[in-house]
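Here come two complexes built around chain A, the first alongside chain B, the second alongside chain C.
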Partner chain A sequence: MRMAIQGIGITGSFGSGVASFRAALQTGSDRSALAVDDSPRYRAGIEGLDEFIPKRALRRIDHFSRMTLLGACQALKDADLLAADRSRIGVAIASGYGALNTTFNFLDSYLDFGYSCSSPTHFSNSVHNAAAAHVSIQLKTTAPSLTVTQFEMSVPSALLSAQQWLAEGRVDQVLFGAVDESCEVLNYCREQFFGAGEKGPLRPFAFSEQSAVAGEGAVFFVLTRADHGANYGYVDEVILGNHLVCPLNLPQDDLFIIGADGHKECGSFYAELLNGRAAAAYAPLYGSFPAAAGFDLAAAAVSLGDRTLYASSDPVSSGVTSAIAPQKLDQGQLACLKFGSGGDYGLIRLSN
Partner chain B sequence: MSVKEKLKKVLIEDLNLEDVEPEEIEDDMALFGDGLGLDSLDAVELVVIVQKHFGVEIKDMEEGRPAFQTLSTLAQYIEERMA
Partner chain C sequence: MGTSAPIAITGMGCLSGAGMNLPESLQSMFRNQRYPHSPRRFSTDHPVSYPVLELRDEFKLPLDNQETVYARTSQLALAAALEALADAGWTAESLRGKRVGVCIGTTVGCSLNCDDFYRAFKANGAAGNPDMGIIQRFLRSNPSAVIARQLKLDGPKQTVVNACSSGTEAIGIGASWLKAGACDIVIAGGADELARVTYAGFSSLMISDTEPCKPFDLERKGLNLGEGAGILILESAAVRESKKARGYLLGYGSASDAHHLTAPHPDGTGLKRALTEAFTSAAVTPEMISFINAHGTGTPDNDRVECRVMNEILPGVPFVSTKGYTGHTLGAAGGIEAAFTVACLQRGELPASIGFATADPELAATPVTENTPVSGEIALSESLAFGGNNGVLIFSRGDA
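Here is the complex of A and B:
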């Protein structure tokens, strides 16, 4: 079933809101990667959240959930639903890792001081569905609320659930989001695994090189059935699979936004599938993290809304494929292709 | 730093009272309800805070209830048991 994209909310290292994201797509630079402890990191802020949620109400809400709330509120505002009845809005959130900082803080307090000194607030926020619960409570959305964690495939997997809710008529709208946060423990692990590759710059088209740079952020979409038009375009199809088990044949006429984010392990799949076809990649604008597949989806939606496919932010070609040139999108389809480890893939096809 | 000063600091930090300055917490201000505005979940956090930062264990909430009235009563409770 087709889904219409009615609103977008987004926060990343480029700033927050669709206008900031569009500006990043237009300029195409990776200036937003900030150095932390001599390593580049893409960090996201929560500026503007107090426009929607009183500061006191945020005191038991961690950074992960604050990014989530900001994205969700912005998406509702963008869809002109802030003042609407929200009793039939579902919440579906995709996250590769969940609230890592809170989880590790809770575990640290348990190990350092024992169970009697473990914060109940940290515990409640470390539960993976906590962010979705905060959205439902603060925004009074009383329809189904769900968090899907499936690492790199979290976004297409959660999107299938959103699609199903709409097809079943269980909801009128879905606040569909993708969120991940930067975490020093995770960054330490990444540096152990990838070494100098974590130092950047992130080069999505250098498929045989490790160049991933950790990032974080939240992106949300207001999705509806496709009966009454769309502000940004339509999600036509969501496909999940494993290329090694059932080889993927790419649609011939689609333009592709690939989720290549500098992970060498996945690079060969993009090289093989694209086989010389030009594609767009925007990971240098927001970094490498599982929920970044949602940022690719936002790039596709903004492109459809603007009827312009923006230039890739890394113009360096690996020689196998090349970064696509900016072009008008009068007709035709866009597709977001994301590979995970072991050949898992998610393909999201969109049109205007 | 006195117990009261340290208490104000850790209350703001550990309970994320971002909109409160230490000097705004008066010694005789009620911690719960209309005063500082803490609630029942904060009471559980307070037990953790007192043990973590002052090494004083509150084993029984009935015993802790009078101590949780104001900053002064809580500071006094801690000082008596630290001594």
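Here is the complex of A and C:
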């Protein structure tokens, strides 16, 4: 079933809001990666959240859930639904790792002070669906709520469920989001696994090189059935599979935004599948993290809304696949292609 | 939302502290036996020891190299999936070429709460020499991905992390894939291992009982944690052909309380909405329900709210909490209890709700106190969760 994209909320290292994201797409700048302890990281802020949620209500809400709330509120505002009845708005959130910092804060509480001093606040906020719960509590959304964790495939997998909710008439709108946060422990692990590759710059088309740089952020979409038009185009189809079990054949006429984010393990799949076809990639604008597939989807939605496919932020060609030239999108079809480990893929096809 | 055709359940697998497979679990329950004890797989310095329900030591994980390849949660999921597939007459080879989806609920199975690793990391990062193999194992162990990888499946995969309703939601979502024609077969359910982190977490919330739990009892003090997995095989009519079904999934509903992070809404608003949605999608009325597999954790809040809603919407319908036998298996609970619900419909009998002895005057109903014949063809299983998630599944008796 076709889904219409009616609103977007987003926070990343480029700033927050669609205007900031669009500006980043237009300039193609990767200067948003900040040096932290001699390594670049893409960090996201929560500026503007107090426009929607009173500070008092945020006291025990962690950074992960604050990014979530900011993205969700912005998306509702963008869709002109802030004042609407929210009893039939479903909430579906995709995250590769959940609230990592709170998870480790909880471990700190008992490793530092003994098990009898374990923090109930950190524990309850470390549960994966805590961010979705904060959305439903603060925004009074009482329809179904779902949190999905499937590493790099979290976004297409959760999107499949959002699509089903709308198709079955269980909800009228879905607040669909993707969130991940930067974390010292995760960054340590990435450095152990990838070494100097984490030093940047992130080069998505250098498929055979490890150039990923950790990022974080939240992006939300208001999705509806396709009955009454769309502000940002339509999601036509969500396809999940494993290329090694059953090879993927790419649609011939689509333009592709690829989720290549500097991970060598996945790069070979993009090289093989695209086989010389030009594609766009925007990971240098927001970094490498599982939920970044949602940022790819936002790039597609903004492109469809603007009827312009913006230039890739890394113009360096791999020699196999090149960065696509900026172009008008009058009737074209876009597809977001994301590969995970072991050949798992998600293909999200969109049109305007 | 509209109604839809029943989804056939052709196989079930289940392992928990009650037994290492579904028949053994049912045997324990109908003998009214349970096996709580202190945790054997980890230790803490907590001054209080809370009983848990673990799998017996002789349980062998399905892969030869045991927990070095995949985390225990994924191994439990895989073991239950293999039992369920065998029950349905499928082998890994016979699934080739079929569109098979995997939808699994969990909590621990997706949390990077590897405290052995983190303890070493805290002891000065690289100099602490943390075992990166623990992280690599975590990254390999997404439960639905493990099942798909081991069985070489190509369909959609989803790991649902809706806290304690995850398993229930996963089954409902898996059924929606079949209805949409996205799959021919779905392997759906929940899995969770017992972990020191959740043990510490629930003790910090002061909702663990120091004795074997007593769901719906006047003296209930909280839950006992457990571990396990429960998996159903859902099949489309085209694939099933003439194969008999152990039961049918008639309907599914879910809704949010929008109230509190860890406590249910005092009026059970989300649970009521989930029940209403499930009844509508199943095209059944509350009068047609023969029994309820309640969430019944044994915490004062959960049992009070759940009892209030059951008494309001399903007055007089017999109900049981099976968590006295299995403990609260968190993300696995919905899968395990779905398997129990279908098995009890098939058997025509409900086990006694172990741990219940004294009625609470604040609760308007009491669970079944002895093994009870089931008079009817339809039953429901409900799950309440942190975050205010509520999930309901409605099943009917099969023809197998």
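Everything below uses one rule, namely that the second predicted complex is superposed on the first by the 352 of 352 C-alpha atoms of A that agree within 3 Å, B and C clash if a C-alpha of one lies under 4 Å from a C-alpha of the other, contacts with A are read in each partner's own complex, and residues count from 1 in each chain.
Note that in this section a residue touches a chain if its C-beta (ideal position, glycine included) is under 8 Å from a C-beta of that chain, and two chains touch if they have at least 3 such contacts.
Source: prediction; values computed, not measured.
Using the contact criterion defined above for the overlaid structures, shared-chain residue A:Lys55 touches chain B, although it does not reach chain C. A simple residue count on chain A separates chain B from chain C, and the partner touching more is C.
When the two structures are aligned on the shared chain, A:Phe113 is found in touch with chain B, with no touch to chain C. Judged by the touch definition given at the top, the superposed model places A:Ser312 against neither chain B nor chain C. In the superposed pair of complexes, A:Asn101 makes contact with neither chain B nor chain C.
When both complexes are aligned on chain A by C-alpha atoms, chain A residues 109, 116, 118-120 touch chain B in the first and chain C in the second.
The part of chain A that touches chain C in the complex is made up of residues 91, 97-98, 100, 103-104, 106-111, 114-116, 118-120, 123-130, 132-134, 136-137, 139-151, 153, 157-158, 160-161, 164, 167-170, 185-186, 188-189, 192-193, 240-242, 245-246, 341-342, 344. Across the complex, chain A is touched by residues 1-2, 44-48, 107, 110-113, 115, 118-119, 121-122, 125-126, 132, 135, 139, 142, 144-145, 148-149, 152-163, 169, 173, 176-177, 179-180, 182, 197, 200-206, 254-262, 269-270, 273, 277, 385-389 of chain C.
Looking at the complex, you find that chain A touches chain B at residues 55-56, 58-60, 109, 113, 116-121. For chain B in complex with chain A, the residues that touch the partner chain are 14-19, 37, 41, 44-45, 48, 51-52, 57.
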